[in-house]
Amino acid sequence: MSSPNRNRSNAFASVRDPAFLRRVFWLALAAVLLWPMLVLSEFKIWTLFSAESLKPTLKFLADFFPPKLEPEFLLMVARETWRTVAMATAGIALALIFAIPLSLITARVLSVSGLAGHMGYGSAMVRTVVRWLLIVLRSVPELIWALIFVRVVGLGPTAGVLAIALTYTGMLGKVYCEILESSDSAVTHSLLRNGTGRLQAFFYGLLPQSAAELTSYTVYRWECAIRSSAVLGFVGAGGLGQQMDASMKMFNGSEVSTMLIVFMLLVWLADRASSRFREGLS
Amino acid sequence: MKVELLVVAGKHPAAAPASLALQPITLCVEAGEHVAVIGPSGAGKTTLLHLMACALAPANGSIQLDSRDPWQLSKSALQKLRADLFLAPQVPPLPPRQRVVTSVLAGQLPRMGFWRSIRSLFYPVDIPAAEQALAQFDLADKLFERVDRLSGGERQRVGLARGLVSNSKLWLIDEPLSALDPTRAEQAIQTLTKSASQRGVTLIATLHHVQMALAHFPRIIGLKNGELAFDLPTSEVTPERLKDLYAQHLDELT
Amino acid sequence: MKAIPDIACKPLPAQLPSQLPPPLWDARCKACWYVVFIALLTIASFWSLDLQWGKFLSLDAIQKMGRFVAELLTPNFETPFLNKLWWATLETLAMSALGTLLAVVLGLLLALPASHSGAVRTITRAALNALRSIPELIWATLLLIAAGLGPMAGTLALALHTSGVLGRLFAEAIENSEGSPAMALRTSGVSELKIFFYATLPQIMPQLISYTLYRWENNIRAAAVLGVVGAGGLGAMLSFHMSLFQMAETSSVLLAMLALVVLVDALSYWIRKALG
């Protein structure tokens, strides 16, 4: 390089990156937060490889191959899988029954008093209360509902169906309301103005436009419900989950292996079925 | 780097099998030469550049870089060869949220070790080099700016600065002046040609500004409809030839 | 009335409210068959399950629920208990944060090959699907064998499941990113890994952060309940007190869970705003 360039590069050597200090700060902060996280979550990863832990783990994993394929066992698994699906379907069906009226109540688009501009005080109150109800239903994890119901009605699918019904009422109610409100309200409002009842306004004005979206979301949630229902089995709600829990407690790797495979197949099938339904219904 | 094309034809990867973007062409550029490629839009200028950059495999014929056919080399040898060439696309290939200093220093990536390159993300390892390169395009003050905060012309110059920072022996520049105003365009082309001469780099640039090409390059290649129209020293390029070249696109003749 | 063919089961255009609603059943219509199938499935579900409505609506059950609700409305706020609750809350928070962090690392590691093509893509995508389809709770019960009781099983369970989710989202983000910066570096002979850091990552960073925060919001809820199967944190306390029918303590734990969820949602919102 010629002299002028060399002189210039000396002058440039004094330029520092302005973002440097900021980056050091954030890195230090991250390190300071990481240490207590590791301690609080008792993250002693090396214990995974200690003798007491490694032996049973490896034995359990070795038992996975081959998975248990005795016909008697498979029949039981098939039965429990059906119960899991049935629990989910029944739960969603109940959730639908509750969610539809609740979403109709909360949909501002169906407000008669709202036609004039702003909603009447009474109807706004009702809407807010129902909205909060839906939020509460949605926010409590279904596992917790299931834990409570198992103590009230005993072990078995009833607790699971109720838990799914409550949580998914919250979810379906909120999304139905959003779908209804996002559709074109002109027709509905004109019907309401001409004195049509709210229910008829829904059927003639809102439902035709939103039917596809509503069914699509419901079918998607049904698929989620199947996964939930398997998980609820671990707290006593029956079905595939409960059997998996039982087999795991007995360290029976081959049984767990079969059930895991069946579960993954179930999830995959439900996903395919759900896409088919959604295409077919729209 | 010496570039030779022997009956090389080029085709867009997505195009129909029979349509060639560049008809079979033969030319040779010696090491250290400066060549401008001109022609109307769609003449195949970019395809020619991509073929030379080994970004596109020839549909016909063979290409030789420093008397070696890159497509006959092993993968690792080709990787090494690639470090010796630099392609600047027309749209500057800069990630929007990246800072200018990092974008420019990316030109050094072929010869940086992996961990050094990671360290450079946290604190740029060669700020003086980046600043020097940008200064030659009058952009030293934008060193730590984010790319998406720059104007189109500034981004284009940053793309060119990356070439200055790299160690390559072949610069293939696609339309370096398209977003620049006349003063900046003049400055950019002078920087490119001067740096190329100083380092003995082979410079091949496609240009829309025919007058710029004539003023700064000793050799002009004209392409039309994917075919070689002429390959002449600048002194022999007459206005008639230019009119002929741009026959249906006279509005592009500047 | 004119017979309306296949349009029958499709929604009416909104401009014709004066027409009668479409016939409810049309044997040619595919959607109608789907509806029939779904209806049959639903009926079969209710019928095959041995649902104890009687038990649910019985006087005993209602009394029990009543008692629960009454006790739930009087949460326990005594200091020694609150102390335990505080540490359990921190434990749950740490579980969710660390689990999400590990998932980001593992997810990125898997997303890179998953965004390429060929055999390596198929294998990694299959791995991501497997990680994703097993719910966190099931992972947790499996990991209890290796990691023992306690929050580590929960952290690893969250990490494994979330890495499947994030890995797929990250892979899609990588695939959808602008290819020209990467292509330019590739022409210069830069290795793929360096290309990822210099060309791809700067482009997808906002999406990565957004997905990660979204999963953290989900994971705090999951972490809270994982303890029910023995993975520590608030869930373990919840399960313990519920099994002893100590509803006042249960109520406090539920409140702590709610507070934690609100906190993480707020943090996530604040971080999103700060990063613009």
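Things worth noting here:
In this document, chain identifiers A, B and C correspond to the written order of the chains, with residue numbering beginning at 1 in each.
As a working rule, a residue touches a chain if its C-beta (ideal position, glycine included) is under 8 Å from a C-beta of that chain, and two chains touch if they have at least 3 such contacts.
Note that the structure is a prediction, hence the values are computed from the model and not measured.
A complete topology is adopted by the chain contact network, contact being made between every pair of chains. Relative to the C-alpha centre of chain A, the farthest chain centre belongs to B. When chain pairs are compared by contacting C-beta pairs, A-C ranks highest.
The mean-CA centres of chain A and chain B are about 52 angstrom from one another, to the nearest whole unit. Note: centroid distance chain A to chain C, computed from Cα atoms, is 5 Å. Chain B and chain C have Cα centroids lying 49 Å from one another. Looking at the complex, you find that chain C touches chain B at residues 178, 180-181, 183-185, 187-191, 193-194, 197-199, 202-203, 205-206. Within the complex, the chain A residues that touch chain B are 5, 8-9, 12-13, 15-20, 23. The touching residues of chain B, when paired with chain C in their complex, are 53-55, 78-83, 85-89, 91, 93-98, 102, 106-107, 109-110, 112, 114, 117-118, 121, 166, 168.
The touching residues of chain A, when paired with chain C in their complex, are 36-45, 47-48, 53, 56-57, 60, 82-83, 85-87, 89-90, 93, 139-141, 143-144, 147-149, 151-154, 156-158, 161-162, 184, 186-187, 190-191, 203-205, 207-209, 211-212, 227, 230-231, 234-235, 241, 244-245, 248, 251, 256, 260, 263-264, 267-268, 277, 280-282. Listing the residues of chain B that touch chain A in their complex gives 99, 101, 122-124, 127-129, 131-132, 135, 143-144.
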